[in-house]
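Read from first to last, the chains carry the letters A, B, C, D and E; within each, the first residue is number 1.
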Amino acid sequence: MVLWVPAVLALALVVLPVLGLLTRVDPARLPALLLSPAALDALWLSVITGLISTGLSLVLGGPLALVLARSRMRGLRVVRAFVLLPLVLPPVVGGLALLYLLGRTGPLGQLLDTVGIRLPYTTAAVVLAQTFVAMPFLVIGLEGALRTAGGRYEEVAATLGAGPWLTFRRVTVPLLLPALGSSLVLTFARALGEFGATITFAGSLQGTTRTLPLAIYNTAQSDVDAAVAMSLLLVVVALLVIVVARPKAVEGRL
Amino acid sequence: MVLWVPAVLALALVVLPVLGLLTRVDPARLPALLLSPAALDALWLSVITGLISTGLSLVLGGPLALVLARSRMRGLRVVRAFVLLPLVLPPVVGGLALLYLLGRTGPLGQLLDTVGIRLPYTTAAVVLAQTFVAMPFLVIGLEGALRTAGGRYEEVAATLGAGPWLTFRRVTVPLLLPALGSSLVLTFARALGEFGATITFAGSLQGTTRTLPLAIYNTAQSDVDAAVAMSLLLVVVALLVIVVARPKAVEGRL
Amino acid sequence: GQAGQQSQPQRTVTVLAAASLTESFDELGTRFTQQHPDVRVQFDYQGSSTLAEQIKQGRAADVFASADTKNMDKVRDLVGQPETFATNQLTIVVPPGNPAHIVSLADLAAPGRTVVVCAPQVPCGSATQKVAQASGVQLTPASEENDVKSVLQKVVAGEADAGLVYVTDAKAAGAQAQAVDFPEAQQAVNTYPIATIGAAPEKQLAAEFMAFVRGPVGREVLGQHGFGTP
Amino acid sequence: MSGLRADIEFRRPDFTLRAEFEVAPGEVLAVLGPNGAGKSTLLSVLAGQLVPHRGRVELDGASWLDTDRGINVPTHRRGVGLLAQNALLFPNLTALENVAFGPRAAGVRKAEAREIAVHWLSEVDVSGLAARKPGRLSGGQAQRVALARALAANPQLLLLDEPLAALDVDAAPAMRGLLHQVLRRQEKPTVLVTHDVLDAVVLADQLLVLLDGCVVEQGPTREVLARPKEAFTARVAGLNLVPGVAAADGISFGDGAISGRLVEALEQGESAAAVFAPSAVAVHRERPNGSPRNAIPVRLAALEPRGDVVRVRGVARNCSLAADVTPAAVADLRLTPDDEVWFVVKAAEVAIHPTSGGSSGA
Amino acid sequence: MSGLRADIEFRRPDFTLRAEFEVAPGEVLAVLGPNGAGKSTLLSVLAGQLVPHRGRVELDGASWLDTDRGINVPTHRRGVGLLAQNALLFPNLTALENVAFGPRAAGVRKAEAREIAVHWLSEVDVSGLAARKPGRLSGGQAQRVALARALAANPQLLLLDEPLAALDVDAAPAMRGLLHQVLRRQEKPTVLVTHDVLDAVVLADQLLVLLDGCVVEQGPTREVLARPKEAFTARVAGLNLVPGVAAADGISFGDGAISGRLVEALEQGESAAAVFAPSAVAVHRERPNGSPRNAIPVRLAALEPRGDVVRVRGVARNCSLAADVTPAAVADLRLTPDDEVWFVVKAAEVAIHPTSGGSSGA
């Protein structure tokens, strides 16, 4: 089939470099590298913050997607475009933006300071930075799905007396599961790989804010091969999440 | 409506930091900064390579998405997980991976060298790096849409004698337009913002490989405010693309 | 390469330089083109370790200027004889007005101060470790940044009360930050080596540029940016 | 007043729907009309899925829609049940869950909703498919589940769009009977869209005929069918209907009787109607002595040529009956108005339907 | 051999479809059966959308499917046209583009495909809707466009799943007539799923009755309907069919004649059949002289009680006819087998249908 040529090319483009990385790793050194406290701390922090950011993106971005898809308000097109901004903003600049807003001298940061909350250099800052860059993925993915699916079934639910909330839970969400699944995966993946905004806004301290990508970058400064090995750790985590979590959401479809 | 609270919060999280950036820009310096040859070169390069990578992602990733969504081959689940890898790989590591594969000492690079092609540090390398990190967005987005939509209409087309190619053009693609639109936007946005893989694999030479994010990084070394101003240039370009291109694809839906 | 507009450059020399050399080398490039109107100087500024890795992978460029000897050593087989062309040393930077009243290295260890330093893996971080050890000060930073510019950024943004950066960085920050020199900095002087790359397409020009950097003009420009002379 | 009152005007480019009608509680309004006449549109407006340009809709005195006063109650608060033309079962729920959806939405507890669903599934004769997802049902099976779902929701106003389409020859009469029982039991108004005049005759008290968005006929079913003003209605109608009360093997009306086949079990004395096609009626000068059981003496009222047959209208007591005979037969028998003749119809051609108590005597 | 040959076995959990049949070119096979019997499944297998567990399908000698030899020609290469139960018009194309899709797929040039589409849209009487997207069509309108789309594709094998469902009382006979003309014109086999025995009688040469996935009856339409073995078929059938040739006001067969209403314009001498319901037939001991035009002398063959009526079977020449009368009438007339009686049927009750030339004489 004519499709196979570009499909295989695309796959090669994605898979070959990653496989190439594998060949660079010295298996003898692997255990020591991966089981170092620095690596384990970073891994743990990455997984936790990644999950929390994904959850936060869902809780905040889900409703936003719904509003964007369903509301007939004017000016929504502009709002939608704004949601995409974190996607194009270089992450470092995104981090700066967060810092300017929520840092000690930022308008919101000063406000928070008065109630004793300081975000920079905390794990919360990591979550915030990840959410900032990753949430648009969820919003865009869900909104697209919400637009194409569901409308007619939601009408049917209303004729059966179901209010918006019940309709949403029992009709909209189940019909949305495949899109939700893939959007969540994208969001989690982006949060997991987030680097620039995190280091700018949250800094990099082992155990508190140094996630795996930060640790990898850090290691790369002195030992590229060790950094590559640590990247593979990230890859394995991502694969696990995807292979374990995704099929449930995506393949249990209609 | 109960949805509005989280939706507005989500929007605030995304929009406020960006607005905050705006206040940091000195309007008097703006023209000089944005119209410098370095900035214009970078802008031009970014737009061109971003478009090419998006096109390449479509040409290669589109068929891959189709194969993933429609083929019933075993082991496809693993392939699908692999496609997501560039999403989680820290971009710098992605760039290293490309370098290891296609650099002069890499296995494929040596092969290409014999026919006189050297990829690293060329504009082609920029495109390749961007495609590597951005294509998964297209593949995931399209695959999800392909799974939910189209199947039954494609069957109908077959009963009317339409071969796979005609069916694809006249039935699948039109039904896919909304998802295609949003996936392309995500892909383009990701390519436009790409930094780590590009600087590692393609280097940072003005006019050849220094895209806008690289130029911003470069400027940030000496003048953070100028870098922020340049980021806004990126934001404006992205907004233009999104507001101009997206509605056609998304709002001209069924 | 602003020189490109004046005459048609026939030759290009590509310089791979550490990111901290951005301003000074840009200026040196302009000066060099004034002397050689037919030459275009192309700079690629990145972290020294990334550049070293790229050279290992066969990158064809002419000159490599590293921010430390460690990264130059990584590519020792692939470059000509490295020569030191500048030195740099640490200084404390504080936000304008020095709100936390920091006057010595020991002040950084006082409780309640937010201090940012470089991670030990990068050159400025290893220098930081050295001075801390030498002076017996126990630093508890809020963040260990991956490069010196990030440290400076945090101080400039007011997110840190103080940070340890190179003198050149403090100078580049101008009025946005204030430098507080401290004597222990002498314990860790960082040297910048430069070398021509073995596979250089423009061997002749590479050598010329290297000499130019190490010559009087180079010294003058580098000195203006705060670098010390070796 | 109680019941449904509607007066609406809905516009689309090239199409305007205008209708005004009332349906009392317990009454069924049948809506007939050619494809594209606006029947489904009418139901959508009543359900609140389409907002008309101008109009009022009110149920039991509560206003659902009033464009003048800016009232527009959303669909799910109307308590309206709509069985749309396309089944549209929720693809992610099983047949049982689909049917239980309405009760659940009304706040019924899970176990109870399940029971209700089981009951309705067995009423529409698809108990065995309770656990199936809609994607795995045949067309007719899906239609039955959709009917069960609409009925199980027990709405204040039931809207049915061709509920018996896609059903097989056994199921269609069975479902019609089920609907008849359900609709007569409940004290709520129903609007029923159909292409089958039998549905209207059996199930409906009132008839509304739409042509191109306009109401061209409206009134009690029997009256409209007996005196069709529009050609379409006449083509649809084509049925004789004699109201009376159920008797041993048919109905009795006044001092006469008509025998026929019982469509549903009937108690003697229950109100019922004998339904038969004009084409089934033979005209005799004398009372014949063959197999046909029913011979009704009538006075001829009119003779109308209709295409290749002649419709002969006769009056028997207060009831108008029609017979379709060939022009040759008219000539042979030399039929003229005011003749006294016999309308003869075989009992096998007569269906005895129970009629809605409400207006069978009207 | 030419035409369609199929022998398939398709399994689902709880359901197995087994069928073996042949349809000659120009012939129509009608498939009847209750909901969920497997009719749509059968069409899907023929179209290649479902791959049976075991089986062979072959058209004009070319193998489309042979599980033994591992042959499975994909749907689009079979040249099969399927009108599915659900219209499924392409939502992104206008009605015209939907209909033009098939010709375009066959390589017809754009302008020509457009013309073909315009033609078929006018045949199904929705010319005015050519520019509409399917989302803006009514249910019946969509069904008509879907029919036009299936016919316009001009397939080698036409599969129709309840093509006349959802059509109004005017449209259904009109579309049936259209189908009749189209199907008799073409030299290709057709399989038609329907719930309406009239479709089978008018359109089909052969009949196949499915019950729960099994073929319970199979053969020429008239034979199967005349001697139904299954209760379902009997309930469906219920029609008399007398083959002959068109005459002035009916048909003539042998030395007899039956008058009735012409359903379509017919040339005299064309092959045609008179169709009427057993319930329309009255039984008389003597030839009556009322309006009924048709009195056929028959010899009684059997008396079968069927629910509340008795089916009286009589033989007139080589043709078996049925009459449904009440048990009371049987008692009155003291009917017993071998009696010579008159079957009387009003011309208005008899429909004269043209029959497919191919096998009308069979």
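Just so we're on the same page, contacts are C-beta pairs under 8 Å (C-beta built on N, C-alpha and C of every residue); 3 or more make two chains touch, one makes a residue touch a chain.
Since this is a predicted model, take the numbers as computed values, not measurements.
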Task: Joint neighbours of chain B and chain A, given as chain labels - done: C
Task: Chain centre separation in whole Å, for chain D relative to chain C (CA means) - done: 89
Task: For chain A paired with chain D, centre-to-centre distance based on mean C-alpha positions, whole Å - done: 57
Open item on the list: Report the inter-centroid distance (CA atoms only) between chain B and chain D in whole Å.
Closed with: 59
Task: For chain B paired with chain C, centre-to-centre distance based on mean C-alpha positions, whole Å - done: 33
Open item on the list: Two-or-more-chain contact residues of chain C, please, as numbers and ranges.
Closed with: 50, 53, 153
Task: Set of chain E residues in contact with two or more other chains - done: none
Open item on the list: Can you list every residue of chain A that touches 2 or more other chains, as numbers and ranges?
Closed with: 96, 100, 217, 220, 224, 254
TODO: Kindly provide every pair of chains that touch.
DONE: A-B, A-C, A-D, B-C, B-E, D-E
Open item on the list: For a test of understanding, state which residues of chain E touch chain B in their complex under the given definition.
Closed with: 47-49, 74-77, 79-82, 84, 88, 90-93, 101-102, 104-106, 133, 135, 149-150, 153, 155, 159
TODO: Can you check the complex and tell me which residues of chain B touch chain A?
DONE: 3-7, 9-11, 13-18, 20-21, 23-24, 59-64, 66-67, 77-94, 96-98, 100-102, 106-108, 128, 131-132, 135-137, 139-141, 143-145, 147-149, 164-165, 178-179, 181-182, 185-186, 189-190, 192-193, 195-196, 213, 216-217, 220, 224, 227-228, 231, 234-235, 237-239, 242-243, 246-247, 250, 253-254
TODO: Mind listing the chain B positions that touch chain E in their complex?
DONE: 152-153, 155-164, 166-167, 170-171, 174-175, 254
TODO: Can you check the complex and tell me which residues of chain B touch chain C?
DONE: 37, 92, 96, 99-100, 103-106, 109, 118, 120-121, 199-200, 203-206, 218, 220-222, 224
Open item on the list: So in the complex, the part of chain E that touches chain D is made up of which residues?
Closed with: 33-37, 39-41, 85-86, 137-141, 143-144, 161-162, 165-172, 195, 197, 232, 235-236, 249, 259, 261-262, 277-285, 288-293, 307-309, 323-326, 328-330, 332-333, 342, 344, 346-349
